[in-house]
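Just passing along the structure, written as structure tokens.
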Amino acid sequence: MIALLHRDLLLATRAGGGFGLGLVFFLIVVVLVPFGVGPETAILSRIAPGILWVAALLAALLSLDRIFALDHEDGSLSLLATAPIPLEAVAVIKAAAHWLTTGVPLAIAAPVLGVLLHLDPSAFGFVVVTLLLGTPALSVIGTFGAALTVGIRRGGLLLSLIVLPLYVPTLIFGAEAVRRGVDGQDTATPLLMLGGITAGAVALLPFATAAVLRMNLR
Amino acid sequence: MIALLHRDLLLATRAGGGFGLGLVFFLIVVVLVPFGVGPETAILSRIAPGILWVAALLAALLSLDRIFALDHEDGSLSLLATAPIPLEAVAVIKAAAHWLTTGVPLAIAAPVLGVLLHLDPSAFGFVVVTLLLGTPALSVIGTFGAALTVGIRRGGLLLSLIVLPLYVPTLIFGAEAVRRGVDGQDTATPLLMLGGITAGAVALLPFATAAVLRMNLR
Amino acid sequence: MTIMSMWEYANPKRFMGWTGHVLPWAFGGAAVCLTVGLIWGFFFTPDEMRQGSTVKIIYLHVPAALMAINAWIMMLVASLIWLVRRHHVSALAAKAAAPVGVTMTLIALATGAIWGQPMWGTYWAWDPRLTSFMILFLFYLGYMALWAAIDDPDMAADLTSVLCMVGSVFALMSRYAVNFWNQGLHQGASLSLDKEKNVADVFYQPLLFAIAGFVLLFFALVLLRTRTEIRTRRLRALIRREGQ
Amino acid sequence: MPDLGKYVTEVLLAYGVSIAILATLVAMSWRQSRRVRRDLEAAEARKNG
Amino acid sequence: MRQPCYRSSPVLSVQNLAVARGGATVLAGLSFDVPAGEALILRGPNGVGKTTLLRTLAGLQGAVSGHFECPADEGAYASHADAVKSALTVEENLQFWADIYGNAVPDMVWDQFDIRDLQTRIAGTLSAGQKRRLGLARLGVIKRKVLFLDEPTVSLDGFSVRLFADYLRDQHLAQGGIAIIATHVDLDLAATTLELEPFTATDHQTDTGDEAFL
Amino acid sequence: MRQPCYRSSPVLSVQNLAVARGGATVLAGLSFDVPAGEALILRGPNGVGKTTLLRTLAGLQGAVSGHFECPADEGAYASHADAVKSALTVEENLQFWADIYGNAVPDMVWDQFDIRDLQTRIAGTLSAGQKRRLGLARLGVIKRKVLFLDEPTVSLDGFSVRLFADYLRDQHLAQGGIAIIATHVDLDLAATTLELEPFTATDHQTDTGDEAFL
């Protein structure tokens, strides 16, 4: 099990493994938005929390298809399915590897990129906290989506389509918590909800993921 | 040559071919932004042109890796390279197929999605025109990027990283033209620049694309 | 007497030879110029009336910004040489210059941001010059990522060269587009020949030293890194032979 | 130490950050150079010996 | 309808099995036993259903009807795909599977599958046959008793084919293992051969999920 | 260093060719002629460089040194990969290649490659061997005179192998075509065999892109 986590992290950090690219995508979206929206500070700083969350979500989304597709293509997934570890554990490990290589770097980078969007200084802490709290849910939900679409060649866009609606609650509570934090309002409720979603997703979704994987391998 | 275009369009519209998914991604980004930014009409309508352009750009971007990667994986690309059609023509056809399956639907759908973002009614025409004028450049530039990364397994995110800076001028002029149109300012200059970029990219980049493909197949 | 073409020096062996001699001098010169320029600038120049002591940042900011652009231009030239004449050293020099260039870009961005807080009241503004630097930074990242992603070194050299050329064209277009998009806050070029608008001599002279220091440091680092790349290639070839 | 007035943090931070970044770059280039050089010498020795 | 694998002595026993692919039953009425230490060669023209049968036996898909018994947790499947990670070295690839199965990589696999010279090579740079040898070496690492092999010798040269046959005969079967092998080439093993063509499903056996609609 | 293919009568002539893969020369000193109507079988252990040689001759990569002549615009390459689009039907797949080469799909390919029954099947649902037959049928559609075939019979059953050998002998070679075939199995063709192992590059021939660094 540790072996699988170790291998996945190794593969991610090897050349072409995609580690850091999610981060770069995050950076790029954040840079593009002002080009589209215009350079006015007031507007940018108003939409900054939302854009940061949407960008983080898209960055997480785009690395999802690596979770299972590579293993499926080269036949490793069938072999893992017949190996002496439960598929539920495989699902958890895969989500954990995704979170470590995507979620954590995103949360760390968010404040820096916040500067580009003139994010209110009081919001920096909230952005990091909500991202750390919310990205595990994104990884787990995404792993489920990746398992659903694993048999489909180049299913990347379909995967986005399936997963994005599932991301909506996480996004709403995450961005709302930041905005309330900036406005000095009560943040306990959205933070609690965010934590609840993450806890629930981590506890329950891996079973669904494993079930879906079994169906897909049939 | 028509055969290639025909096949690519056929493949795109077959099940799992990805036609329409770019559109759905566009829809989803546009839907997510209000969740992140909050529902205030004034702000949304202010950022709508920019968000529409950024979303269209991301949607175009995400379908880029299909342009060559599938043909590379199943060996078709080597065979096309030794077939009696010039690689430059292959590059043009591939870009055209991408534009027809992504750019055109996006331009048509943009006004509808503009409603969701409370886009100013006077801007609808501008959004469609700028997208129709700008998306061919996005397809051609993207085809170049796809050719650069074709040998790299799961080069999707790297492709984004390489292509996005190249998209900046198109995005700026496109979004700027819409914004000026809404404000009743002069739109001739940005529209002219947008057309110029598209014309230049369509005329010159296929040669670079073909050169890069040759290098990659070697 | 035979006239030696300049390409002779680009032969890897020869390159290792002459750079071995030049390298210490380059590093030494860089150290001297940087020390003189930065110490002079930091300790022995007066404050400017509007900017106060923040003007001292200029000794880092401007040289770094200059070198960030020049590094890209050097990569462009080296890429062209590789595509036309296929000199391995020039391809490897382009590869070696990218991390140095990206560091310079990063320093320009960081010092600019730190400077911006007291001067403009914000760390970042979407001013054209700043924005073009951000775009340049992205180009560097893409270029380096492409090098890293391809195993075959010659193919990587080919592809990155094309990217560098196409990227340069688009970087220029972005510069123009960004100007059109937003007229900015940033200072004009103060190194122009128009003496009236120039910074006062007190600031100017140490600045020249600092610039010379950055140029030499860039040169030295590129030489060092190119030497490393050449050795890596040779090591690769030797290991492959052993494998046979 | 010159009097930096109210901008002490900014100026010192700028110098600190820049010098740190430059030093990292030089150190990394140098370490990599030494490592490759050592490996290469080992390989040459194996080849010749 | 996943068929259970009961724990018992390594013996594979199939009774009246029918298997389906893409919604159509392809083989029906299969019954055979493979005792410990023996191999069974599956033969039949392209498309007869060899891959489908092997995937069913390996537990990767359900059977249509009939059932089979095989020792629990002792099956291993080797498909057309090699499950080789291009970005890892040959050694790292094997080490991974060893870790997953809680074994060490036995030193003998390097020679048995003729990959000692390739040990530190990045797997992505192997030739077709070398990659295949690496894929097969996994079998030597995970040490399962019941092997389901789908055209294992594709791309292998004559020498490597013999090497692999030797491994099967002298190591795997000699230690009481079982192997079911679909192949079109001659492996030079003392094994029963099962010709699958006679078991091709006839029309009225041809429906699975759709039977409710007929 | 792409070698030009001069237009001439269909004869393939190779002089002192050296080919490289991943920056290392794998084969050197190859010289042979293949006259019209003849086939050449390439043999050699895994990793000797068969694929590399075929790719070089097909013009997909440059030679290291030496040169070769082959009729211009007459070469066709068939690799390990089938170039089959899973989403298209068998017929659409062949029609596409026919269009690209400006031909029609000749009616005889359906029987020659035993795919008439599969004509309207979606290619993604074919078995390994059926897909291979479809990949080979492309050769009958594009009608090139010089074929470079990399292990064409992988996954094929005995009957299909014979069918393919018949096609090569009675159709392709009989009409003055040329075929260079890398294979580990016996094709039952009257053809010269070239054993590649003696041409393995020795130490001082071993460098290509890296030679500047040695």
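The letters A, B, C, D, E and F name the chains in turn, as written, and every chain counts its residues from 1.
FYI, a residue touches a chain if its C-beta (ideal position, glycine included) is under 8 Å from a C-beta of that chain, and two chains touch if they have at least 3 such contacts.
All of these numbers come straight from a predicted model, not from anything done at the bench.
Between chain D and chain F, the least number of touching-chain steps is 2.
Counting C-beta pairs in contact, the pair that comes out ahead of the other among C-F and A-C is C-F. In terms of the distance between Cα centroids, chain A is separated most widely from F.
Centre-to-centre separation of chain B and chain C, using mean CA positions: 32 Å.
Remark: chain A and chain E have CA centroids separated by 37 Å (rounded to whole angstrom).
Chain centres here are Cα means. That of chain C falls 16 Å from that of chain D. Multi-chain contact residues, meaning those touching two or more other chains, occur in chain E at positions 80, 86, 125. Within chain A, residues 15-16, 21, 24, 28, 35, 38, 153 each touch two or more of the remaining chains. The set of chain C residues that touch two or more partner chains comprises 135, 138, 141, 145, 149, 151, 181, 234, 238, 241. Partner chain B is touched in their complex by these residues of chain A: 16, 18, 21-22, 24-25, 28-29, 32-33, 35-38, 43, 46-47, 49-51, 53-54, 57-58, 62-63, 65-66, 69-70, 152-158, 160-161, 164-165, 167-168, 171-172, 175, 179. The touching residues of chain F, when paired with chain E in their complex, are 22, 44-47, 51, 80, 125-130, 132-133, 151, 154-161, 184-185. Here chain C touches chain D in the complex through residues 38, 42-44, 47, 52-54, 56-57, 60-61, 64, 99-100, 103, 106-107, 110-111, 114-115, 117-118, 217, 221, 224-225, 227-228, 231-232, 234-235, 238-239, 241-242, going by the rule given at the top. The part of chain F that touches chain C in the complex is made up of residues 22-24, 201, 203, 206-207, 209-214. Chain C makes touch with chain B in their complex at residues 135, 138-139, 141-142, 145-146, 149-150, 155, 158-159, 162-163, 165-167, 170-171, 173-174, 176-178, 180-181.
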